[in-house]
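In what comes next, chain A is part of two complexes: it sits with chain B in the first one and with chain C in the second one.
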Partner chain A sequence: MTFPPGVSERDFAAALDEFRAAVGAEWVFTSEEDVALYRDAYSPYWGEPEERVASAAVAPVTVEEVQAVVRAANARRIPLYPISTGRNLAYGGSAPVHSGSVVLDLKRMNRVIEVNERNAYALVEPGVSYFDLYNHIEERGLDLWIDPPDPGWGSVIGNALDGGGGWTAYPFRDHFGAHCGMEVVLADGEIVRTGMGAVPNAKTWQQNKWGYGPWVDGLFRQGNMGVVTKMGFWLMPRPEAYIAGTAEVFNDRDIIPLMDTLNLLENRHVVNGSTQLAGAAAFGQRDAPAWTLTVPIYGPEKVIRAQLEYAREKFAAIEGCRFVAQEPIRTPLSAQDRARVRLVNFGTPNLSTFASLGRSQMQPNPPGGHIGFSPIIARTGEELLEFRDFYRIGLAEISGGDDLGVRGPVFMNNWERSLVALIMFPISKDAKSNRRMRVAFERWVAAAGERGWAEYRAPAVFQDIVSDTYSYKNHALRRLHERIKDAVDPNGILAAGRYGVWPKHLRKEA
Partner chain B sequence: MTNRREFLEVAAALSAAPLAGRIAFANAREHPALSAVIFDSRHPEARDFGARAGLQGVPLRAIEGDITLLWRNELLALWKAAPNAIAGLTECPALFLLERLAWDHGLRVMFAAEHEPHGSGDAAHRVIRTADSGFGCELEAAGRSWPSVLADALVTGRLASSTDFRPTDTGLAAHLGAPMVLHSWIIAPRTAARVEI
Partner chain C sequence: MKSRHRVFAVFSAAALLGGLLAELGSPAQVASAQGTPDSERGRAIYEYWCAPCHAAGPGHPGTQSLQIKYNGSLPAVLLERTDLTAEVVKVFVRQGVLSMAPFRKTEITDAALGDLATYVAEN
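Moving on, here comes the complex of A and B:
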């Protein structure tokens, strides 16, 4: 059995007894076979001594039980690692950042507390998955869409708190950005509601994000300042239709006006869907376009037809640009449309992305598990070309003369105003292969960081080195995070090390 | 081998009953029966496996890699009602997902094996978890008939381990650069000693 570091066997046993008293003995997991379920299936340290593993798990079902567990842990300085559903594969799954932590498993807290059609929002608990919320809405015939990530089996709250994104219209596909109000249990067991949730009897908790005074919600995004037990989200009223056009340019450097045009269209809110950008390498044909950009638009049919026409006019200003408009797809989707579209673009969660990881004629050697290297880059064609060249040149150099099965970059537009240049690193269960992958990953982080490209999100084992790249003025931002951490969680029990924020007693310099 | 048309005719005849209809039957027994056999119809070996299992009266469900519809439309309700046992012959991603979804309903992978088909119709087999240590040899001896032997053994229930509940080491990440492999499995309630039909 793994024990929390620095905790005596006696204290740990006493804490487990208190957890059992709080949630019931059947919801405290200590056996090897149960705790093994919390391993990260994509751990870059799988089976090695450095693999981050839990010591136990406890699964409360109410916020009062969360409070009781947190208070017991705080009294005995037991490290807790809250998870929602633990489906955060490629970014750590349900394994703790600090090995030996007790996983605080919130998946039993799975109530959809409210879905309000008139004001288009939902209030949910951490165990509610995208499937759960989708089913809730479908069963009640509500005219609302959710914005699922790919895949959609994870927690709505968990994905938002980890900084995840989806595939429908902006602003809904920025999952943390689309939240409105949260309830948090602090390390001492106190409950805080943010925004208008702090006003007794207010009916606006899910309608006004800001409330009054300093806004603290951001402290809980990729954070470890509390345990989020409820969260509100703005939902998209079902759009009447979807339309898309594809702009193709045949000169490599035409990516520069292509991106400028896209920025204009997005910043004017003419294009609101999740755009797809592909380079020539994706086509493998000499006469193929150098760049292909698909711009989706959601809204009333007569409006989006006009918006697409406006987009066509703007792209026509790029010499040689070919623009192909698609016919609109009306919603709700017909069975025929449902079978041919990418469902996440239509608010429908699914798991098909895993099937695409299987073996096929198109993909005879699938990558299997993976972790993502996901730096944020500027939304200009120049930067995009620079990153592409950095990737091409760096791949052999940084990876020691071998591409290691690394794939990318994919330029993701899930968020406004910037791009994420995603590179996927395959992960296996072979220690030798994983070791090479880790070395390469760390080199990529450092090399990209020197150019100002730092990640928006990282696998648990790399969160420290990514945090290191946010180093302005001797890591002033991280030091601020640490000062806040010390104030709100002085015993450092909550999610130690998450996103590079360690409690005082575990810091490198401590 | 069964061709796709023959298979679909058999499957259509046997698969009409919804899985939910199996719940009462399953619960009425001391040990849970198989509520469904799932197979990846893109593979001839899996089609043979499914056809054989179907002949023994187990509801069949065909997938083509993606489990989403099966999960949403049937398995979720089946497992919310009770931890009903299922078995299958699929690619790795389906097992990877179903295993993790099953954990939340008190189910574990009780039997797991890998099968690497050869062009000739037989396959190399690696049994990972079972109560029957001789089953690997049985599969090897079956030659090209291994899908039928596998189906018989899974459906009649003698393979499910009652002592090993750890996550299977057959997840996506286990197969970097590996050859095409099919996975057979039983997912059953953790307390079930055997799977019986």
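Moving on, here comes the complex of A and C:
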């Protein structure tokens, strides 16, 4: 059995008893078999001594139970690691960042508290998955869409708090950005509601993000300052239609005006969908486009037809650019459309993304897991070309000349104004192979960091080294996070180490 | 190993996603009575947790993956299998395989797993 480091066996046993009293013995997991279910199936340290593992798990079903558990843990300095649905695969899954933590499993808190159609928002608990929220809306025939990420079984709250994104229209696909109001249990058990939620009887908790005074919601994004037990999200009224056009350029450097045109169209809110950018599949092939950019637009059909026409005019200014417009797709989707579209672009959660990890003709013996290296890069053609060159050189040099099966880069625009360049590293249950991936991953992080490219999100075991790249003025930002952490969680019991923020007693002094 | 081959085997009726899924609440909310496993409750668990990956047709990565694995020697769709036992289903749910991470007891309780395994074994 793993014990929380620095906690006596007696204190641990007493805390587990208090947890049982709070949530019922059935919902405190201590056997090796049960605790093993919290291992990160995609851990880059699988089966090695450094693998991050839990000591136990406790699963409250109400906010009052969360408070009781947190108070008991705080009194005995038991490290807790909150998870929501525990499906944050590739970013640590349901395992803690700090080995020996007790996982605070919030999956049982699965109530959709409210979906308001007139004002287009939802208020949910952490155990609510995208499937659950979708089903809730469908069952009631509400004319609203959710914005699902790739896998639909993840938590709406957990994905937003980890910095995840989805695939419908802006601003909804920025999941944290689309939230409005939180309820948080602090390390001493106190409940805080943010924004308008701080006003007793307020009717606008999910209608105004900012409330009054300093805004604190950001402390809980990729953070460890509290346990989020409720969160509101703005939803998109079902768009009547979707239309997309594809712009192709045939000179490599035409990516520069292509990106400038896209930026203009997005910043003028003409294009609101999640654009897809592809480099030449067979570079140098005659008549093959050097870059292909698909621009989707959501809205009323007659409006988006005009928007697409405007986009066509703008792309036409690039010499030699070919623009192909698709026919609009109306919603709700017909059965035929449903079978041919990528469902996440239409607000429908699913698990088809796992096809890339399963067996295929190309990959008869897949590694099983993966992790993503995903730096934020500027939205200019010059930067894209620089990143592509960096990737090509990196594949040979950073990976030590080995073919590690690294795939990428995919340029993602889930967020406004910047891009994320995603590179995937295969992770398996083979320690030797995983070791090579880790070495390469660390080199990529360092090499990208030198060029000013740092990640938007990171696997649990690499959260420290990525945090190291945000080092302006001797890590002033991290030191500020640490000062806040020490103030609101003085015993350092909540999610120690998450995103590089460690409590005082576990901090490596710089 | 023997169990591995037998694992995905006893499903018959093809499960359909979409409409069915929409009718179901979270299986965590589906009460599983103590005692006898119940195949009908198991169906709800299956539709919620398994069908999104293992149903028939495109867009189901579990089915896609098993198609490559068995190459026609066994059906790729779990509910078309006749060789799966309840015990083997339980092992796979709790152990996971490849990209399918194990399911925790807060997702599928032991009682719900009994129902699920019975449904899979009987259908």
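Keep this in mind: the second predicted complex is superposed on the first by the 496 of 510 C-alpha atoms of A that agree within 3 Å, B and C clash if a C-alpha of one lies under 4 Å from a C-alpha of the other, contacts with A are read in each partner's own complex, and residues count from 1 in each chain.
Basically, a contact is a pair of C-beta atoms (placed from the backbone, for glycine too) under 8 Å apart; a residue touches a chain by one contact, two chains touch by 3 or more.
Given the structure is predicted, the values throughout are model-derived calculations rather than measurements.
Annotation for the three-chain superposition on chain A: chain B and chain C clash. Contacts of A:334 after superposition on the shared chain: neither chain B nor chain C is touched. When the two complexes are overlaid on their common chain A, residue A:405 makes contact with chain B while staying clear of chain C. Of the two partner chains placed by the overlay, chain B and chain C both lie in contact with A:153.
Shared-chain residue A:326: touches no atom of chain B or chain C. Looking at the shared chain after the overlay, A:29 reaches chain C, while chain B stays out of its contact range. In the superposition on chain A, contact is made by A:351 with both chain B and chain C.
When the two structures are aligned on the shared chain, A:433 is found in touch with chain B, with no touch to chain C. Measured by the number of chain A residues touched, the leading partner among chain B and chain C is C. Judged by the touch definition given at the top, the superposed model places A:46 against chain B, while chain C stays out of reach. In the superposition on chain A, the residues of chain A contacting both chain B and chain C are 33, 36-37, 39, 41-42, 87, 107, 131, 135, 153, 350-352, 354-355, 357-359, 366, 368-369. Across the complex, chain A meets chain C through its residues 27, 29, 33-34, 36-39, 41-42, 57, 59, 85-87, 89, 93-94, 105, 107-108, 110, 127, 129, 131-132, 134-135, 138-139, 152-153, 338-339, 343, 350-355, 357-361, 364, 366, 368-369. Touching chain B in their complex are the following residues of chain A: 32-33, 36-37, 39, 41-42, 46, 87, 107, 131, 135, 153, 350-352, 354-359, 365-369, 405, 426-430, 433. The touching residues of chain C, when paired with chain A in their complex, are 17-18, 21-26, 28-29, 48, 52-53, 58-62, 64-69, 94, 96, 98-107. Across the interface of their complex, chain A is touched by residues 64-68, 71-72, 76, 91-94, 96-97, 100-101, 103-104, 164-167, 169, 171-177, 180 of chain B.
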